[in-house]
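Each in structure tokens, the structures are laid out below.
Common to both upcoming complexes is chain A, partnered first by chain B, then by chain C.
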Partner chain A sequence: MAKKTTRNKPASKASSAPTPAKRESPWAHRDAKTGASLQKLADGVVKSALSGREPKFDVPTRAASNTKWNKSRGILQMGPATSSRELFNLGQARNFMQTLLHGQGIQALIAEGKTSSLRGMFYKSLHTIQGTKEKTFDDQTESDKVLEDIEVTLGALREELHVFAKKRGTMVGNITVIDSGDEINCRRMGSGGYAIPSICEPEVIQFKDVGADFILHVEKDTVWQRFNEDRFWETHNCILTEGSGQPTRGVRRMLHRLHKEHGLPVICLLDCDPWGHYIYSVIKQGSISLAFESERLAIPEARFLGIRAKDYEACDLSDDVQIVLNDRDIDRAKQIMAYPWFKEDRAWQREIKKMLDNGFKMEVESLITKDISYVTETYVPERLKAKDWLS
Partner chain B sequence: MAKKTTRNKPASKASSAPTPAKRESPWAHRDAKTGASLQKLADGVVKSALSGREPKFDVPTRAASNTKWNKSRGILQMGPATSSRELFNLGQARNFMQTLLHGQGIQALIAEGKTSSLRGMFYKSLHTIQGTKEKTFDDQTESDKVLEDIEVTLGALREELHVFAKKRGTMVGNITVIDSGDEINCRRMGSGGYAIPSICEPEVIQFKDVGADFILHVEKDTVWQRFNEDRFWETHNCILTEGSGQPTRGVRRMLHRLHKEHGLPVICLLDCDPWGHYIYSVIKQGSISLAFESERLAIPEARFLGIRAKDYEACDLSDDVQIVLNDRDIDRAKQIMAYPWFKEDRAWQREIKKMLDNGFKMEVESLITKDISYVTETYVPERLKAKDWLS
Partner chain C sequence: MTDTPRRKRPSSKAKGAPADSPGGKPARATAETMAAKQREISVSEFFAKNRHLLGFDNPRKALLTTVKEAVDNSLDACEEAGILPDLEVRIEELVAPPSPTKPGRYRITILDNGPGIVRRQIENIFGKLLYGSKFHRLKMSRGQQGIGISAAGMYGLMTTGRPMLITTRSKKGKPAHHLELAMDTSKNKPEVTVDIETEEFPDTSSGTGTRVVIELEGRYVRGKASVEAYLEQTAIANPHAEIVFIPPDKASSAEDADIAEGEQSSLLPHSSPASDSASSAVNDGSASVVRTTEHADRIIYPRAVGELPPETAEIKPHPYGVELGSFLRMIKQTEEKQLAGFFKNEFCRVPPATVSEIAKAASTKTLTLTGQTYISRVDHAAAERLYRALQDSKLRAPPTDCLAPIGVRTMLAGMLKGVKAEFYAASTRSPAVYRGNPFQIEAAIAFGGDLPGDQQARVIRFANRVPLLYQQSSCAAFKSIVETSWRNYGMSQPKGGAPVGPLVVMIHMASVWVPFTSESKEAIADYDDIRKEMRLALQECGRKLGTYVRRRQRMKRESEKRDVFERYIGEIAKSCEALTGAAAAEVYDALLKQAKRRTEIADAVLDEDGKIIAFADGNGRLDDDDGVIIVGPDGEPPSPPAGGTPAKPTTSRSDAEAPAPKRKPKRPAAAKPATKQPPTGKPRKKPRGHAPPGKKPSSADPTAPAPSHKSKPRMRLSPDGTLFEVA
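Take a look at the complex of A and B:
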């Protein structure tokens, strides 16, 4: 530890880092609205109780049956169905109480100007009900569902409830991101990259010097590393993102905002398998469980560049790239084919049918069998130039 | 897309980003050594074949039986045992060929100055053996093992083989990291943070302005977010890292280098469960499967700050924080208790025994039941001040 005494404090420290006490919540203006909505919910319950009526409230139904495909807008939307949460209904009393409990927890977070993880919220509202051995929540899954209920009921974003999920995904490219006041030059992020936060609302994230022409979004971090090492984002003037599988809401919101606010096309490079197709589907028109969020997450103009089922012949690949489709893959592929937005799209019907006819799936990584940089130097550049993608 | 034409290219772009062609591999001086070792391995095989002897080579054994606990140094080390890979041995021929195949692949990577993921390496060396239906590898697990064999046989780091694993983990704090020539000010990384790369060798990562007094390493990104939001790294002048569970080699190497090169103590905040204890054990003295890497990864002076089994009473927690130990947890706890480095440590014996006596585990997140910032404002500061930790 001899070195410790000789270490210099960086000169920039004092000026660059604001003291914690002085930071004002960037959410202040949304907090008022969220707080008021929560208050209204609680007031309704109290009012009913005082006037001798049964305390209850309605929660929009988050299910396939209440999800509508808005063809003209190209996004999944939530329908009008709601279900009731009644205190004096044995099957609903528990959920009723849980909702109020989380409502209270969220009010506390707002009051303190802090955020909490989904796991944290579970613990925050967890206790044994007095005089019983009953816990308020059996597990986190129960808690997460109630938080989604509150989101849709209040029409508030999870971010507005001060709740965040696990962080995943990385970004580099021709853009500067301002995150909580810090300027992050994504052209100078080395081999590691900027970790995309779980909350990407304008209150915390702003953009500056957006010089990129488009976004290349890849499925996996290992593929992202290949593209970053080959400086693809520089030679092709783009932003390079990855979602480590199904992108989080944070990643989707980041892509969505860059697309909407800066007109950047979103080009996806995903595996040729039902999982890759599903990721694309979610990026493009949203998911059933988050249909109420489609407006701010879905990117109907997103493109699917590859891997394509035709690539086995088109790129003259060896049979080493083939991973045989199992029964679950085949079932899943057929389900995806039947999604309304794929069902009416001839190109997508052909694509999935071709994959089923092939009898195998293919991963982006398998292009390495051609050459290590085939994907960055040949495959993606050629497809981009030819605008050879599915939409 | 109207905005596209009016977008400004940032002025800094041309000067800040080197053109790809001009970049020289930072690995050049190591490459010569790795290439020579590979060549020697191949030469030995050829020589045997030409002189009519059986082609073979020896691979150090990576198993518990060949792992020694070096008590004085406080790290796990690999013993001297080796096992043979012989071409004319039915049980070894396949592995023999696979090793040479991957050796060839690595030579190609070195020649091109590129890196590849473990998955990429699998595909790179995957093919059907001519005239048969036999594939060179059944699956990636088989391929990964051969790559580890090559690491130990050559005494080369995986990084020197130009192979990287999945990236995970984030970092902020009072330090500037130079990653591939880019200066990353970890005091200005917003809510997202700097994504720790999978390769953290001095060739790609250097440190500058290390003003922090210590490193706080937390298990999960959600906990990290709480500490980052509360600006803990600033108020306590530290570096804040997370490994999203068991830290990758990249994260361990980053911690190790900061500890060794800058004398920064590494303080761990992990769950009070066998998994948390195991993470600590790996950070501290290495793992059996990577015992050959302990020298550059293990941090014998790492501290375990919490969560401690005593905290249930010490922090006056409610029973909501209790997660009952199942049989697997109990078995695992007993195994960990019997590790030589824990076996001779009375404090650790007491710690694990206390957890078993409690009959429950506890997560860091559960401290939220006290208060949302209890962990950042009370728990960790008090323990740090009292130096109340296990070592």
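Take a look at the complex of A and C:
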């Protein structure tokens, strides 16, 4: 065991000298809790084994069927259903083993006070089962799913398991962030911006000097570059974030904290296609697979600024920006239309219907056909001023 | 020749002038001239010209038919004399076939240990067509018409000019007679060219015996419908016989070799460990199976049961099986004086009460018939009325002591000998009747093992223990297999075809008169009654197979399951140790125990019906059914198939008036555990390689499918259990 372990030191941590002491103290109680629940899980297995009962544990079901739409709170929540993970069940035996392997790996991380990437975890628990040619994990996807299972089973956050995902997402704006003790002035990040870490818990990230009025979240890096280059965050006193498509948990946690702790409205600028609509939906109410984290990730008040289906006419765009909706897009759009939180929203129904009627989708970049800075100088300011958004 | 109505007027003979023109030059045939040409057609001559009717239509078949007729005769003779048959069949190639289309020249020698033939009968038996004891009687025997061996000799004579050589010793210790026999085909008369007494006759186990040598033109082939296939199947249906076959490709090397000393033991009756003193000699204690063995110079089909088939009674015809023409002939030819005697002695199952009844029914105003009526007074019309009344009367079915089925255990022994499979089932139906002829159907199946899984099931058919090699598709046996729904038993079966899978299906019909579709006796005629019995017999076997297949699948699944569990348990134990501090080895052992318990069915030993009879720990149900044998992966069967039956030749069936549908010889208790062969001695699996921490993994490769002792790796069962594939 643990022969092939690769310990990826999180970049965020490596940079600061006084970390170990600092890092451990705020996490200490979380670690104790995680360790205890891990041990409880394993204890149950041992006890069952020794007493001749079948070892098993309950895993909350992460499926659409067990996801409830909490209308009053405006978020997706996980239901009470659990499924049993049994060792002596042909379909679950392997998963059972993997869960314990990862549990062991996590315990080691906690003990050492280190964190590992998802990929690192995959390698940490990866080996060939003795006497066979079978590997404990076929690929990282299998490993990631087991980790998510452990999260829900232990009721622990991924951060609490000392596991982080790949960094994705950038931020810049009128705010200073303290990241593992380092002060980061997001007003002076040049053209690259501050990379939003995977773990954005208060123990790691604190905010200081929040001067911005709102957050503008754009879908991808290219658009973000445009806004940053045009110093949009300066002229409009905002924080500019980007999630490289579907925003990671880190990005969503960052947005959520800024929104909750500092009351900053979150305004999204996404593509006019089912994918863009879905990203908005996830930011707003959470996703099915992470429904158990909705409460600390979802921002029901997030707004959708554009691109809107009407913009083709409203902005007088050329034919060239049209990207024809394919069958999959149409199916997906119809699914999204049927989401309970969109279904009762007539504005959203109109919006998606309009897109379907158009028969094409549009990217944010399509506004460049008007002018290179049309989006930053005209489109967004006008819409903001008119409060022309969907929510 | 009389000048009676047999006159023919072939128009082809007419050359031109009218026959009645007195002075015409080319006179037409007159009754006189024609009469000069009309003469009796010799039966021999007829068959010389129509040899295909007897199975001599091509060189290849001629060779087979010759062997077949001789072997059938030998077996019949041995059994009638109560001798366990020892046969040696030798084929020598004198001239190889010059081309694939031309025949070669062969010498066929068949030696038996039968009772021998008395000198005066030799010519008649071998030199005369339609001479025999079998045609006139209703008795279960291999040959029926008495044309076989003489036709073979005639064929040899015709194609090579060489006479048939017969050497026979009918009394132990006395010199043998040696005859060389030709045949005058025009007179249906044998011609003896050499007639000497000789001391040169091989020692047979009985001291008596017959050797027949025929030289003929033929072709020796291998494979389907070959001599080898015929002998193999004969051995299956006649496990009480020992047959040694020396094929031409081996005969040369065996020219001088007699039966090797070392193999002598296999000539002795096989005996089970449980059988009594009669089994004395060899093989005692060993539960090894008797299997066909191939040697450098010969193939030996050893004896697998030491008991002769019971002797069968001869029966009189049953009225339902007699047609009007035959009835009229019978009434004309009978030596009985009165009707009562006629019905009593010429038929079976016509009691006096019935005679009165039908006599009354056949009476008219002018002619009153009773049992006392003299037959001479019965005219044609009255006879016909009698016949109708007889057919309308309610008669008991014919007696069935005329039938000697092979029997379930003997069939199993035969199958076990000739077919390498893992599952064998057999069943014998109760006797039934078609057209007044009693018959009995038996079926056996062999499944799995080394049998090819992707081909149509092999069908072997027997009539009175004689293999039928040709015309499979027109045979009632094959039709019954096709119409049986094999899918119910876990086999795949194309529509309107035989099942596909590692399967051998055997059907045997025992009857006093097997209805063949032709004189060459190659296919059983398709009577509804017969086909129905066949189907029922197949279904009996099929049900057992289905249970076994399903159970085996389940075991396979469980065994695979255990494999999976065992694979992960080691990892889990180690993780648990890391997480909780509990000793990994302890957790491992506890989990392994659970895994075994949860998949214990994989260790179960199956019974004949595929039910669990014993678990690995020795506990479990025990069941008793003689109808099935299951063979372990090492190819060793659980028990001697004929366990408990004395090896001593017995022909008496004193205690059995009618053959029981299933003969269940009481097996001695001692033989029983061997039958079920629980894998106790040898653990069914080597310990797997998923060793707990601290233990070294064994060399076993656990990724390989679990070698369940019921499943061969060559075959795969689909999850729904309908398909078998060779991996």
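Here is the rule we use: the second predicted complex is superposed on the first by the 365 of 391 C-alpha atoms of A that agree within 3 Å, B and C clash if a C-alpha of one lies under 4 Å from a C-alpha of the other, contacts with A are read in each partner's own complex, and residues count from 1 in each chain.
Methods note: contacts are C-beta pairs under 8 Å (C-beta built on N, C-alpha and C of every residue); 3 or more make two chains touch, one makes a residue touch a chain.
For clarity, every value in this text was computed on a predicted model and none was experimentally measured.
Enquirer: Does the superposition put A:Asp327 against chain B (first), chain C (second), both, or neither?
Expert: In the superposed model, A:Asp327 contacts neither chain B nor chain C.
Enquirer: Would you check which partner chain A:Gly120 touches, where first means chain B only, second means chain C only, and both and neither mean what they say?
Expert: Only chain B is touched by A:Gly120; chain C is not.
Enquirer: Considering only the touch criterion stated at the top, classify A:Asp316 as touching first (chain B), second (chain C), both, or neither.
Expert: It touches nothing on chain B or chain C.
Enquirer: Taking the superposition on A as described, I'd like to know which of chain B and chain C A:Gln104 touches: first, second, both or neither.
Expert: second
Enquirer: Would you check which partner chain A:Phe164 touches, where first means chain B only, second means chain C only, and both and neither mean what they say?
Expert: So A:Phe164 only meets chain B here.
Enquirer: Can you list the residues of chain A that meet both chain B and chain C?
Expert: 1, 108
Enquirer: Which of the residues in chain B end up touching chain A in this complex?
Expert: 1-4, 7-10, 12-13, 16-17, 20, 23, 108-109, 112, 114-120, 123-124, 126-128, 135, 164, 166-167, 170, 174, 176-185, 187-199, 204-205, 209-211, 213, 221-223, 225-226, 229-231, 234-235, 262-263, 265, 318-321, 363, 365-366, 368-369, 372-373
Enquirer: Considering the complex alone, what residue numbers of chain C touch chain A?
Expert: The touching residues are 561, 564-565, 567-572, 574-576, 578-580, 582, 586-587, 590-591, 593-595, 598, 688-691, 697-698, 700-703.
Enquirer: Enumerate the contact residues on chain A facing chain C in the complex.
Expert: Counting only chain A, the residues touching chain C are 1, 38-39, 41-43, 45-46, 49-50, 52, 54-55, 87-88, 90, 93-94, 96-97, 100-101, 103-104, 107-108, 129-134, 136.
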